[in-house]
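Chain IDs A, B, C, D, E and F follow the sequence of writing; residue 1 opens each chain.
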Amino acid sequence: MQFQQRPSGRAADALRNVRLTRHYTKHAEGSVLVEFGDTKVICTASIEEKVPGFLKGKGQGWMTAEYGMLPRSTHSRMDREAAKGKQSGRTQEIQRLIGRSLRAAFDLNAFGERTLHLDCDVIQADGGTRTASITGAMVAAYDAFSKLVEAKVVPAIPVKHFVAAISVGVFQGMPVLDLDYVEDSDCDTDMNVVMTDAGHFVEVQGTAEGEAFDRATMNRLLDLADKGIADLIRLQKDELGIV
Amino acid sequence: MQFQQRPSGRAADALRNVRLTRHYTKHAEGSVLVEFGDTKVICTASIEEKVPGFLKGKGQGWMTAEYGMLPRSTHSRMDREAAKGKQSGRTQEIQRLIGRSLRAAFDLNAFGERTLHLDCDVIQADGGTRTASITGAMVAAYDAFSKLVEAKVVPAIPVKHFVAAISVGVFQGMPVLDLDYVEDSDCDTDMNVVMTDAGHFVEVQGTAEGEAFDRATMNRLLDLADKGIADLIRLQKDELGIV
Amino acid sequence: MQFQQRPSGRAADALRNVRLTRHYTKHAEGSVLVEFGDTKVICTASIEEKVPGFLKGKGQGWMTAEYGMLPRSTHSRMDREAAKGKQSGRTQEIQRLIGRSLRAAFDLNAFGERTLHLDCDVIQADGGTRTASITGAMVAAYDAFSKLVEAKVVPAIPVKHFVAAISVGVFQGMPVLDLDYVEDSDCDTDMNVVMTDAGHFVEVQGTAEGEAFDRATMNRLLDLADKGIADLIRLQKDELGIV
Amino acid sequence: MQFQQRPSGRAADALRNVRLTRHYTKHAEGSVLVEFGDTKVICTASIEEKVPGFLKGKGQGWMTAEYGMLPRSTHSRMDREAAKGKQSGRTQEIQRLIGRSLRAAFDLNAFGERTLHLDCDVIQADGGTRTASITGAMVAAYDAFSKLVEAKVVPAIPVKHFVAAISVGVFQGMPVLDLDYVEDSDCDTDMNVVMTDAGHFVEVQGTAEGEAFDRATMNRLLDLADKGIADLIRLQKDELGIV
Amino acid sequence: MQFQQRPSGRAADALRNVRLTRHYTKHAEGSVLVEFGDTKVICTASIEEKVPGFLKGKGQGWMTAEYGMLPRSTHSRMDREAAKGKQSGRTQEIQRLIGRSLRAAFDLNAFGERTLHLDCDVIQADGGTRTASITGAMVAAYDAFSKLVEAKVVPAIPVKHFVAAISVGVFQGMPVLDLDYVEDSDCDTDMNVVMTDAGHFVEVQGTAEGEAFDRATMNRLLDLADKGIADLIRLQKDELGIV
Amino acid sequence: MQFQQRPSGRAADALRNVRLTRHYTKHAEGSVLVEFGDTKVICTASIEEKVPGFLKGKGQGWMTAEYGMLPRSTHSRMDREAAKGKQSGRTQEIQRLIGRSLRAAFDLNAFGERTLHLDCDVIQADGGTRTASITGAMVAAYDAFSKLVEAKVVPAIPVKHFVAAISVGVFQGMPVLDLDYVEDSDCDTDMNVVMTDAGHFVEVQGTAEGEAFDRATMNRLLDLADKGIADLIRLQKDELGIV
């Protein structure tokens, strides 16, 4: 494929350097620092011994996510949401996305009336914070469930399949994988894709920020996502020592 | 294609009965009642002679949307958001989607420092309220801009292309177009698609509510959406008397 | 009586064209579109199988009301209360008035520990939205209780007496019945009266917006209200088929 | 007139012991402790050298009121509104009533672009706090305007007429003046009346808390209010040394 | 000690005129007007027959405090916190301090599962409102517990030791006791001290508003506080008739 | 001195292992990870080119602080303040303390009409988060001002003196320096001290959580704080390369 240079010099289908650091903080049942290049997110998984009211007595568990950014995780300082007294629409959209993605990965009927709280807090942002969050939260959740297995509270980790997420987009006419901030700020189309280790879709959210895009572009973007997610899931499993 | 019956008896690729009633209320510059079967949404477009702070002095306009549901538009009564003192994450997600979709349809540089407020209020819900809202808001916005043309405030309606939206999903294993509430409550995959009259994508938001879905299903769903949106845009243009 | 012309050409003691459309939306137990001329309000009555905490275990029911206006129901667009995160003082005043009026019409001890929620949502405003709301909510509540009778949950509709409401005021020195927006914006005195079919007062709320008014004017206004409410209650009963 | 005993032993048309203490606190331009029997309200009037946004540049002034109750001003402790983060509907209704009443008493065009803030804070409640507030705020406002006259900022106190307020109601079948808490808790009808020194109505707010009431009762209640308010305005003028 | 004049003419170690008026309002179990010169605070103590959730079933009681200022208790009018919808950080700091101080004075295990609510409302402010609040709340709480003893609900007043509070500071280089507003606005160091009748510290909160202060100054300030608090506790006991 | 063992085995006057990592994140003008043992706080300093309204046009700068904890920085997960819609009283107390402490360290008249925002976000908590925050924010602020010097916007770093903070307390009868979580949860007295490099006090906040404490204990605690802060300021200067 013939194309111009990405600002980072990466190939169109190249991920940034991705790192997953487990046991990053000491209190949470699962705690992962996930880095997609300069994007750094702390993902913790906390187990609570009860479920929300709408599930009480149904014998199933729940997983839910919250997302936040440190005020100066970004290029210019953002107002602190706790000080403003409300979460932005963007924050709510992202935490709903993380929650749905993780609930797709685990069997809610296999760990009793418990809630797994996933907290994804961005300490440095350089594009792709929501996809990094999902990718890291998968590992944090897995670690938290391992604790329940060790404690013989549940017989097995209730994983249905691994999930990971990546962004794809059209930067200066060229479909590319894993947009960083410079690309994200100047792209025509931005799509976030969540997929399983079987290559199936859990979430697809694409937006034409400039020109509307055609079906061929859509297909090329999904191809890139497919490749990137396969790499990410391989990395998740390597870190967890799963063959 | 061989498949079982939809609850409504519709063919897999059949829209519900769609109606657009212009000039539905008397105060707004544009006012449309949009009906997708039993789903009924009042879409108004209001022109304000100023732009938000972040655009002041840049010579361009802005379009923004708000969405609400009457408390008993739904099967069981929902709490009123104004009484609770906050809009839900779902509401914010939907109004952000409507706003982005409409901003893709019009040229923000062609109507001066004005804001077009789109209000989409659901008076009866039966599935597909967000796609009905986008489809109706397109017509309400067009009507509002016509007022500015009549008043010789702008030389021409600043439309770039028409947009409409439809939901598609997998109901009992079968990809179908335009899910009603019964189908939506029991589907495995739900995707909302916003497209232009050129058949290009503005927004794609797909969620695997049950099983993750594969690429072939994705393609079939996009085909259905493509067909449905072409029908909706034809209807929009008919109502507006555009050949 | 000798007097100048009202803007609408109506006689001083003439109501606008009033219409009550039952079964206006499909989900609510009672659903009425009430129109006082160009003022249009959707009134729904929803039955909930429990009472607020302060009534638990007392064996009685409760009725409560909420009121809202679509942002562009008015001449200029108002901010959406759900987006602002609070209901205005005016909104709260009106919904408290509707609630008290309806609780005066029905026997709270005759339908068990249930709550009837009345939602009055203005889709087009042209003066008199609170009086239209009370008048329409009476019929919606009656219909909702009929459902409980049909379902043999309660033995009879627990109505004590019918209530309706109307505004009266002094427009350009002349006492008039049922002010529309043009009159309301320019009147010296504005009074809202809620009465029963026995001609007794449930609520009287009069405000001298310009000059304070004397006892003779007060009496003339109450005469007008008395006549108007008798007409409205006749209409309510006709619509419900009550002889 | 033949009637049974009021709990306080007062005649049906007797006010409680009413006292107005001027200069009650030292910072405010006007500061009055008003007592209607055991009901005690601190009313302050504060002058601000600007008007709200909607009046800027129009050359007129504004008067507005806020109302609050100390948490243990009442028989059982109420939650503190500042701690709950919102004012109740009742509070908002009352402060809107006080504001309208005072704006009726003064000429808003005669004191420049200034705002008079009236704060009515109940330190002990025994019925009739809103009518005591209006009656006390009238004197506090008068004192505050006197300061502007002394400072030669305005040529004369911009009073149009004095206003005072009183409650009337039907207690055990008997129309009575100035309900205290015991009567208020057990009355069928409760009406608050605001009148001028010319005996004209500024506000009438009557509610049938039990049985709806007829026209004859309405007339008797207005007679009682008329007498009570004349007494209150005489007291206001005496305290201010106005002949 | 050689020093210049304080604005009030008081000696460096002189309190203002302090008064405690018990039974100031009639509803609360304990109600005290505390005056430190022109600073006037109403302190009420209200008994509630339950404890917060985190203490349920533990057999102990709780004491908590809230603090407020009337909008025009101060030199210029402050916004009403109930109207703004939130309590300031300063308010929260003060009410937490009052609560901790009072919990140190009483034995929480000696009055059953009850909550004592202390409300401290400033009606006139002239410096030292938080220390006046603590000093007054001590007496209000004592009175409220006396009611429980009289009612034979608890065997004895559960007091561990008396507490009182005073401010000390460095005004124009001179350590002084009990700062009034004029001194407080212009001091280099401001320290609030809460002590018991045994002369032990419950709380010390010192802030260098201008220059940081040295250990010798610290010692001199603590000496002053020690003397002032001994005087205040003597006054509390006198008022309560405790020898 | 004879004493029993601290849980950590530290001597009574021993700090935990303290580390300051500068340039911890890449966007902020100053960014420091401060660690007091297992307590880890990210402190960023952000420069904004304007001041709050109350300082506009006065030619001086401002410094302000915000504080937060990641939900699972603590032993059990805390609710996220942004999701709850308000900051706790504790949070507000801490951020006010940090702000005052830093404003004492720098000359607000020496860097123009700019605001320095200090954000202290706890990623792992083990006691002493507020003192770690102040100690780290000092370095972050210094680094941010260095940027202004490098950019020749201000002639010199406007530092008046260095400040650092430490907690001291009485653990099992023994005064100790720098309490960790285990000690903090079980101590009788807890005091936070902020001092300058001249050994002068900026803030002292002591609370008797169990028994009130006497003057001798107070003196011993201040001695410990004095020593600890001298060590911390030496470390700050070493990290910054200041001799």
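Odds and ends about this structure:
In this section, contacts are C-beta pairs under 8 Å (C-beta built on N, C-alpha and C of every residue); 3 or more make two chains touch, one makes a residue touch a chain.
All values reported here derive from a predicted model rather than from experimental measurement.
Each step here moves to a touching chain, and the least such steps from chain A to chain E number 2.
Shared contact partners of chain C and chain F are absent; no chain touches both.
With rounding to the nearest 5, the Cα superposition of chain B on chain D corresponds to a rotation angle of 120 degrees. Taking the mean of C-alpha positions as each chain's centre, the chain lying farthest from the centre of chain D is A. Note on chain placement: the centre of chain A and the centre of chain F lie 33 Å apart, centres being C-alpha means. Here the spacing of chain D and chain F, counted between their Cα centres, is 51 Å.
Centroids built from CA atoms put chain D at 59 Å from chain A.
Counting partner chains per residue, chain B shows two or more touched chains at residues 85-86. In the cyclic arrangement of chains, the order starting from chain E and heading towards chain F is E, F, A, B, C, D. Those residues of chain B that touch chain A in the complex are listed here as 86, 89-90, 92-93, 95-96, 100, 104, 161, 191, 195-196, 198-208, 211-215, 218, 222. Listing the residues of chain E that touch chain D in their complex gives 25-28, 31, 38, 40, 42, 44, 46, 48, 66, 68, 70-75, 77, 80-83, 85-87, 91, 117, 119, 121, 123-125.
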